[in-house]
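There are two complexes below, and they share chain A, which is joined by chain B in the first and by chain C in the second.
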Partner chain A sequence: MTDIPSLIPQRPPILMVDGYFFEDELHCQSELTIAADNMFLGEDSCMAEEGLLEHVAQTSAAHIGFLRKQAGENVTLGYIGDIKKAVFDNRMPTTGDTLHTRLTVVSQVGGITMVSAETSVNEHVILTCRMKLASDN
Partner chain B sequence: MIKKMVEILADEFEVDAETIQPEANIKETMHLDSLSLVDMVALVNEEFGVEIKTPDLPTIKTFADLYDYVFTRM
Partner chain C sequence: MTQNGTLYDIVHDGGNEVVVRLNANHPVYQGHFPGNPITPGVLTMQMIRECTGRNIGRNLRFRSIKSCRLAAMVRPGDTLRLKMDISEDNGTVKLKATLIDAENEEDLRLQLDAELQ
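On to the complex of A and B.
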């Protein structure tokens, strides 16, 4: 597991990844255990869809940051460029649940990276999506 | 093979297949910007198993260029 603050610029309370696991250049995994004060929790204590997407975006950014660090480059800001084919489960996660995300880099052109992601809780898939992230060079 | 690629590109980028002519400019015909260019690269990789390398992209200007690039690497 890698120290998250060294990979992405986000800090609490907006930090949405607390575990990053490198597999190879095209794959990684991440985790987030949802705290009671998570800012994406709704009044029903369930996480909003935006929170899950932010978790995926930060997972992607952490992976890009990890690769940049390995290459001896600085970690830079990333921006969500596009979200496609997002499918959410009816049951959204809540306080104490641990999100587990597996991410695959689909393609990369310049500073734009397209990823596909699958997020699950207790091996039950709650989100699949494709996302494009633009990174500062 | 070219017919298949034309169909896939026309469907993904929602353009008339008849506008995808060999000498037509790819970016202009499919209204590609830097974000959607990544979609084309991903599509070619998934459908034809060919990865377009970033440094090669500037050399792929027309659909004929794209066909040459992809079909010589399959």
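On to the complex of A and C.
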């Protein structure tokens, strides 16, 4: 478990990871417990699908940030380049639920990282997707 | 939270084609990123989902995203043209959308192919 703001440049109100767990260079896990004031909660108190995607993007950013720090480099800004094959469950999480994400790095060339991710709540998968991220040098 | 009037304003509504302006005073820019405001790609996607729902008259959720390419950065203050190709099949809404600079057709920001419900 690592201090998240030391790994990623995002700050409230759009901080969408509160736990990062390094496994190896190609794998990590993350968590987010949804607070009542989360900006992605809708009028129905459910999280918007885009909130889950941002959580996955910030999980990737945390992993990239962790590896950069290990290599003695600075944490830089990153951007979503594309999202592919995202499939959402028909029930979205709500306040108090904890998102749990498993992330696999599929490839990394220069500043471009491809990942695949699976996000679940209480072992129930609510999102699978692939994402390409671009990082500043 | 519906974003209309906070993240963006619709400045022209032409049905399948709308022009939006991104508000610079949305609180998200305090954190994305401090001192360097860039519109989060996922909020641009949320804007497109809301505009699609507005077009067909009900709230929609993404069920799947075949692909979403965030081709170029979007910043607060930008005025953008959203083109939506919407078809409905048994309650499932199929959407192909492109977001371009309102003044420059060549300046592609985002391209989306998704199903909503």
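Worth a mention:
The rule is short, and it goes like this: the second predicted complex is superposed on the first by the 137 of 137 C-alpha atoms of A that agree within 3 Å, B and C clash if a C-alpha of one lies under 4 Å from a C-alpha of the other, contacts with A are read in each partner's own complex, and residues count from 1 in each chain.
Criterion: a residue touches a chain if its C-beta (ideal position, glycine included) is under 8 Å from a C-beta of that chain, and two chains touch if they have at least 3 such contacts.
The shown structure was predicted, so the numbers you read here are calculated from the model rather than taken from an experiment.
With both complexes brought onto chain A, simultaneous placement of chain B and chain C is permitted, the two fitting side by side without a clash. Once chain A of one complex is fitted onto chain A of the other, the partner contacts of A:E43 are limited to chain C, with no touch recorded for chain B. With the two structures brought together on chain A, the opening angle seen from the C-alpha centre of chain A toward chain B and chain C is 80°, to the nearest 10. Put chain B and chain C next to each other and count what each touches on chain A; the higher total goes to C. In the superposed model, A:G81 makes contact with both chain B and chain C. By the touch criterion defined above, A:G72 reaches neither chain B nor chain C. Of the two partner chains, chain B is the only one that A:V106 touches; chain C does not reach it. Of the two partner chains, chain B is the only one that A:M114 touches; chain C does not reach it. After superposing both complexes on chain A, the closest C-alpha pair between chain B and chain C lies 10 Å apart. Within chain A, the residues touched by chain B in the first complex and by chain C in the second are 81-82.
For chain C in complex with chain A, the residues that touch the partner chain are 1-2, 27-28, 30-34, 36, 38, 40-43, 45-46, 49, 61-70, 73, 117.
Chain A meets chain B in the complex at residues 81-82, 106-110, 112-114, 132, 134.
Only residues 9-15, 39-43, 48-51, 53-54, 57, 77, 79-88, 90, 92, 129 of chain A touch chain C when the two sit together in their complex. Across the complex, chain A is touched by residues 34-35, 37-39, 41-42, 45-46, 51, 54, 57 of chain B.
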